[in-house]
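Pasting a structure here, questions to come.
To keep things simple, chains are lettered A, B, C and D as they appear, and every chain counts its residues starting from 1.
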Amino acid sequence: MIVILKQNVKPEQVATFCRELESMGFQINDSKGSDTHILGLIGDTKALSESWLLANPIVDSCRRVSEPYKKANRKFHPDDTVVDVSGVKIGGGNFAVMAGPCSVESEAQIVEVARRVQKSGASLLRGGAFKPRTSPYSFQGLRAEGLELLSKARAATGQPIVTELMSSEHIPLFLQEKVDMIQIGARNMQNFELLKAVGRTNVPVLLKRGLSATLEELVMSAEYIMAEGNPNVVLCERGIRTFETSMRNTLDLAAVPMLKKMTHLPVVIDPSHAAGIAFMVPSLAAAAVAVGADGLMIEVHNDPKNAKSDGAQSLTPDQFDELMDVIRPELEFFGKKLN
Amino acid sequence: MIVILKQNVKPEQVATFCRELESMGFQINDSKGSDTHILGLIGDTKALSESWLLANPIVDSCRRVSEPYKKANRKFHPDDTVVDVSGVKIGGGNFAVMAGPCSVESEAQIVEVARRVQKSGASLLRGGAFKPRTSPYSFQGLRAEGLELLSKARAATGQPIVTELMSSEHIPLFLQEKVDMIQIGARNMQNFELLKAVGRTNVPVLLKRGLSATLEELVMSAEYIMAEGNPNVVLCERGIRTFETSMRNTLDLAAVPMLKKMTHLPVVIDPSHAAGIAFMVPSLAAAAVAVGADGLMIEVHNDPKNAKSDGAQSLTPDQFDELMDVIRPELEFFGKKLN
Amino acid sequence: MIVILKQNVKPEQVATFCRELESMGFQINDSKGSDTHILGLIGDTKALSESWLLANPIVDSCRRVSEPYKKANRKFHPDDTVVDVSGVKIGGGNFAVMAGPCSVESEAQIVEVARRVQKSGASLLRGGAFKPRTSPYSFQGLRAEGLELLSKARAATGQPIVTELMSSEHIPLFLQEKVDMIQIGARNMQNFELLKAVGRTNVPVLLKRGLSATLEELVMSAEYIMAEGNPNVVLCERGIRTFETSMRNTLDLAAVPMLKKMTHLPVVIDPSHAAGIAFMVPSLAAAAVAVGADGLMIEVHNDPKNAKSDGAQSLTPDQFDELMDVIRPELEFFGKKLN
Amino acid sequence: MIVILKQNVKPEQVATFCRELESMGFQINDSKGSDTHILGLIGDTKALSESWLLANPIVDSCRRVSEPYKKANRKFHPDDTVVDVSGVKIGGGNFAVMAGPCSVESEAQIVEVARRVQKSGASLLRGGAFKPRTSPYSFQGLRAEGLELLSKARAATGQPIVTELMSSEHIPLFLQEKVDMIQIGARNMQNFELLKAVGRTNVPVLLKRGLSATLEELVMSAEYIMAEGNPNVVLCERGIRTFETSMRNTLDLAAVPMLKKMTHLPVVIDPSHAAGIAFMVPSLAAAAVAVGADGLMIEVHNDPKNAKSDGAQSLTPDQFDELMDVIRPELEFFGKKLN
């Protein structure tokens, strides 16, 4: 941590401040230039709050120079983490496609979609039982019943399921239905009580980036889960909020190489939610493979026109099949293994 | 709702689509120009999903022309709502100042701050017991003990308390301690399960705008609470996330006149979290009064230099006193009543 | 400047790099911790490029700790600058209101508006002759003829005029018509050739913040003008681009206290362009006064309904008169002098 | 254009407004529902200003339903445009790589880089002579001398050159040196006088997207150039400004499929400026190919460590060679022709 002091601070004040910092275990490197007076803090600053430093009247500003995350930090864990979701591997050269409808709507629907996406090459079935919707008047999901229907679809195909958790009160239900991977949605990325709760399970977690979360904040949320004891975290970029209005969100594909530098965790891309428009999904999916992602999450619906949510961004099973026909050889081209 | 059809759509397809819409209870106004073919839907489109429309292959785009919120909509409720928090009125010409520390740290601290802010003219005591922190290694609040200390401070001064709720599991605790106003933090603005839960209580709610939430989304989250039966919602603008890096967030004061047009709910401003820097708080507070806000939320700490969180943005009791010395006559100038 | 080195860099590489930096005139403070190795550069880093540092393979990142601007920096010029626009003072306690139509449309229009805004208390007449429009099919302004009409309006009222310059090729025309203050529009804030050109005149400049310019970039653009020899720069915040869609831009009123800390230049607010909607202008103008601005720029049109541009955000002369009736006593309340 | 009227507007007012619109040549479709009253305008609304509509006191809001651009619109020009830059084709299945240093620094430097990038497979040489720099104290380019050196490099390799124009005053110089492609930089995307000036030449234009420009605004700027008679416009996405701070800008790769839907113009990607960090360039370039771009612009410097600008994002010639070794077969995989 670098602490920049205000101009014309008295030497006694600096001395007092340095003693306080030293008593907290830091070594101080004091550097005084013509215009600037800087203190370099040497030691573990992970738990040191910038706000605490800034509240001192002699401090002008401060800059963190080492990352505030540890368990998720690639520096201390150079090898790629491979997350195993009931046998499906994600990360470290293993690529996984999660596909399925935005919402689970009926047994017939989810089982049919499950069969179709499996046939096309998906390795996990996605489907929403609990649905976060902007409007209280929109369809809120089949909830507990939706989980049961996902289990039935899994029984039919053998594919692991990934579905969103919206409240820690539902965790017993998720464990009872043996959900293979728990999704934390973008709007709950900083619902810290929920992060801690899934951190206390050992179920793999798909952690979606918040609409306006920085990459560091995303990794800090992963750190919350890992700090509670659950190391099985997969990060998901799903579009961020910008000023652009022609599509729903702006897919930040550059997040992939940057996250791979910051952390050892796998990174998957959700092009369906990012653009919000089905015609853009195939080209964004191809770009996700090329940029180095470890997986894709794709919305597929047997009848998008009558979907209860997000039909506009859903592919039909046939369109998904065409997409996989591009992705499969492209993965081979880039040396990744499709699981 | 306006539905713009794609070019070269067959008349039969349009006819089928119109029949479907009519069967849902809408009247259709069909308008065909040289380049564009538009359907106007007349009726209650509140529960009609844009995504459902967009998923139809003949639809190019659609535009909502009436607001998707009803209970919070000023059109259907022209008078200002006045929310009563244990006797303190907010809205409709009544201005309330909520002040106190970011975190409750000890009985001595919270009682001292409570006494000081009351003396300066605050009407509610704020203080965090459950703290949402970006890092799992930061101070997470005194939690249940913090709520008890807030109760003690209330006993000492008689001022109602407002404090943040982070999980629906803590609601029984909040009711037991008789929290006067429940704060929903920015990061939980779209934690819909939590919104529904506080909607089922009758405790006044301070709903903070998410870091990247549009004003319409903020009002939709209020609608969630109101749709469950709790009409006592106060909106709070606390800075949005933009590209600017010289301060923590960008305070959107223009949100006040716009929200007042959209909704009848009171709107308060939190300049402390917006800027994140204490020296900016007084001028932003003065601007909030001038722009027409119904209240302020200000962080005050007896010893900011040693605050366990957000010291950099906290005023000392003396600074808060000076701020109130400006605000009081300014409110008079603008014809508002300080409660 | 703080330079953070990569992990596991060889001592010889560091030594070579330090010698290179020293040969450029910097003193080096070398600080090696357990995880981080930092070099502090002492000396004038204004012209030192961060990109040059980052291109060195042993450098991980770097942080500037002193501001990259000098002439505009309050540190080296603690007193407020007062800019004199043909007798109208702006800054240092002097408040100026610039009012007039978006576009000059005819002699009758501009003279009538000039008379009305003068009567209500404006001190400068604004009006566009050269208009930056998103569409090539929109009205592009009366151009040279518009400048002549502004001169005629000035002759009628005696008020100085401020109008936008879009190309350095038009400077001779602006000097010939004795334009009192040259406006650089938001879209040209980083048109560096244009900044240099107005820097070589001695005409006061109203420099508008770009739609997505940081405050530091705004000050750097002022520095361009000042570095060429023209110290008469007034900064103008006119709304920044964010994700919010209910109004045209987000007015960043917090820019005022922050710019006042960074620089000694006056700061004015343009609430008309910020919101883009007339009903919001009066409350935003009142907030601008309260937050500490040195002036306002307000669009006023004698017939907004038939304005050739930006009618939606223009006040009528009567509405402007009402606004000034609030602003005048409010300035008195806050101890400012209306010029 | 859809015009939504305010509530409780008098029939006479609507009738007057409709007559006015009809006199402008529009047909009106009048649609009155329970809560909303809408007018649909049928006819060419390209030159109709939304602000003019909104300034009418009976109008609540309006929504454009047909695009405000014509010459650049794919609807009226379904085939891909192929831009020919002195023999190098861009668009319609033709892929071009533009490579070279950020700044031209010396004859030896630019000729060496030109030879190396040509050998690796680049088809155009890029290099800055006039440099837009945030700070007036940074290297501003060799200017006229830089153009001469680019000509010399072209003489050495035969490759066309692309370089940035910052002021219309320099156009004669650009024509004299026979610059093959004129680049309009991001900061000048809405420098409308400059756009008109290059529109009056017949030199191909590389138009970079502004840091916070919407895709529609980018296309409108292309329309400015095309409306003056120059149809040879290539669009370039180079990163937009968002809240993310770990890299310089956020590369919006989804812009490619969306722009291809909106317009028939070629789209190229500049991953160097987007990320601002060399290690990210290869993966972003591969993603650009996969998403369907028509070209790449890549910064290559023979000695990035000593580059006078943007060294941090420059590849060495060897790194560029490796990148081309991936891009070449990838283009083949996706059925594109490398020129």
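Please note the rule applied: contacts are C-beta pairs under 8 Å (C-beta built on N, C-alpha and C of every residue); 3 or more make two chains touch, one makes a residue touch a chain.
Note that this is a predicted model, so its numbers are computed, not measured.
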Which chains contact both chain B and chain C? A, D
Of all the other chains, whose mean CA position lies farthest from chain D? B
With centres defined as the mean C-alpha position, give me the chain A-chain D separation in Å. 31
Distance from chain D to chain B - Cα centre to Cα centre, in angstrom: 39
If you average the Cα atoms of chain A and of chain B to get two centres, how far apart are those centres in Å? 26
Among the residues of chain D, pick out those that touch two or more other chains and give their numbers. 212, 241-243, 245
Seen from chain C, its contact residues with chain A in the complex are 2, 4, 7, 27, 29, 31-36, 38, 40, 42-44, 61, 63, 65-66, 75, 212, 241-243, 245
Of chain B, residues touching chain A in the complex: 46-47, 49-57, 68-69, 130, 132-140, 166-169, 187-188, 190-194, 196, 211-212, 217, 220, 223-224, 227-228, 241, 276-278, 304-314
Give every residue of chain B touching chain C within the complex, in rising order. 212, 214-216, 240, 242-247, 250-254, 256-258, 261-262, 274-275, 279-280, 283-284, 286-292, 329-330, 333-334
